[in-house]
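Have a look at this one.
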Amino acid sequence: MPVVTVEMWTGRSREQKRALVRAITDAMVTHAGAKPDNLHVIIHEVPKEDWALAGVMGDERKD
Amino acid sequence: MPVVTVEMWTGRSREQKRALVRAITDAMVTHAGAKPDNLHVIIHEVPKEDWALAGVMGDERKD
Amino acid sequence: MPVVTVEMWTGRSREQKRALVRAITDAMVTHAGAKPDNLHVIIHEVPKEDWALAGVMGDERKD
Amino acid sequence: MPVVTVEMWTGRSREQKRALVRAITDAMVTHAGAKPDNLHVIIHEVPKEDWALAGVMGDERKD
Amino acid sequence: MPVVTVEMWTGRSREQKRALVRAITDAMVTHAGAKPDNLHVIIHEVPKEDWALAGVMGDERKD
Amino acid sequence: MPVVTVEMWTGRSREQKRALVRAITDAMVTHAGAKPDNLHVIIHEVPKEDWALAGVMGDERKD
């Protein structure tokens, strides 16, 4: 049943995303006893300029 | 007051979306006694390649 | 595939919630062509005192 | 720790968004005692045609 | 129209929450030109033991 | 920066949840190149009676 939503900056490759959702699905099966059949992993890509940490947008950060 | 968020694959037509939000609004009014005035229905369209079920992305699925 | 999240005040009965999720599921099947098998409807009940409209919390509102 | 998500119609300028996330961050620090370092403010821009109020999509509304 | 969701640890007082939603509403009106009438601010309180930062749950953190 | 939200039925133990957030954090670091410092994993536990699949609530399902 679980639904996992990953909010992260835009920019990962398709291969990274595919490997990521497989690893998260495995983690849910292994540690939460979830059944894969109804286990959704949804990626929300957010532009850096729409995501602030400590009041500073991603595209303005120096780190 | 309620806020209903619909997360689904990209690709429905405007007519489908309009009919959908009306039907969901009606369902909320009929079954949850919600007042339409402050009832929001928000559609989040997610690309197939960003949505995995059972660890497999939508654009890789055979079904 | 779709995931519908309903955020509303605490307080509906189980019968109301059951009728609501059936009606929303029907709306998704009828108007968005969704397959029921992987269609989730998740209800988030939020206390009135944690939900503000126009800056006023639900438990302070006069309407 | 807090994560604040702002869902609103597409269309604000970068300056508006920057000022908005600073003000929301200040509000969280002032009123909720949050530490800025791990305080995220995420903006989800949603097209008017995907957001209904009282069953009517944003791009169809007269007000 | 906007909907602002604040996810934070359980534990703020009602007065803190009321002041917080007023300040966030003001920020949305001032900086995003939002109309207060349909502006929702929803607080999701999450127990520390259900929120991890850097892989460590809130109730296990030393800082 | 990423924020991962896990929505699942109520009922996992603290040990399961701790192991789960560590595994998801590792997956994000390994496959999405995320830095652990600002990586949040938030668990939303939802009662079975508030989560429907194919129009049937979790506490009514036979499987």
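The chains carry the letters A, B, C, D, E and F, assigned in the order they are written, with residues numbered from 1 in each.
Quick note on the criterion: a contact is a pair of C-beta atoms (placed from the backbone, for glycine too) under 8 Å apart; a residue touches a chain by one contact, two chains touch by 3 or more.
Per UniProt, the chains are A, B, C, D, E, F = Tautomerase.
No experiment lies behind these values; they were computed from the predicted model shown.
Going by the touch criterion stated earlier, list every chain that contacts subunit C and also contacts subunit F.
Chains in contact with subunit C as well as subunit F: A, E.
Taking each chain's centre as the mean of its CA atoms, which one is farthest from the centre of subunit F?
Chain D.
State the pair with the higher C-beta contact count; candidates are C-E and D-F.
Of C-E and D-F, it is C-E that has more C-beta pairs in contact.
When subunit B touches subunit C, do the two copies use mostly the same residue numbers, with over half shared, or different ones?
Looking at both copies, the contact residues mostly coincide.
Select the interface copy of C-F from among B-C, B-E or C-E: the correct pair shares over half of its contact pairs, counted by residue number.
C-E
Subunit B and subunit F share one sequence, so how far apart are they rotationally when you fit their Cα atoms? Give it in degrees, rounded to a multiple of 5.
Superposing the C-alpha atoms of subunit B on subunit F needs a rotation of 180 degrees.
Among the chains, which has its CA centre at the largest distance from subunit B's?
Looking at centroid distances, E is the chain farthest away.
Suppose each chain is reduced to the average of its Cα coordinates; what separation in Å results between subunit B and subunit D?
Their C-alpha centroids are separated by 20 Å.
With centres defined as the mean C-alpha position, give me the subunit A-subunit C separation in Å.
Inter-chain centre distance comes to 24 Å.
When the centre of a chain is set as the mean of its C-alpha atoms, what distance in Å lies between subunit D and subunit E?
12
In subunit C, which residues are in touch with two or more of the other chains?
Residues 1, 3, 7, 17, 26, 38, 40, 42, 44, 51, 53 of subunit C touch two or more partner chains.
Graph of touching chains, which shape: line, ring, star, complete, other?
Drawn as a graph, the chains match no named shape, so other.
Between which chains does touch occur?
A-B, A-C, A-D, A-F, B-C, B-D, B-E, C-E, C-F, D-E, D-F, E-F
Which subunit F residues qualify as touching subunit A in the complex?
Going by the criterion above, the answer is residues 1-9, 12, 16-17, 19-20, 23-24, 26-28, 30-34, 38, 51, 53, 58.
Quick check: in the complex, which residue numbers of subunit E touch subunit F?
So the residues of subunit E in touch with subunit F come to 7, 44, 46, 49-55, 57, 60.
Within the complex, which stretch of subunit F touches subunit D?
1, 3, 38, 40, 42
Please name which positions on subunit C make contact with subunit F in the complex.
Listed in rising order, the residues are 14, 17-18, 21-22, 25-26, 36-45.
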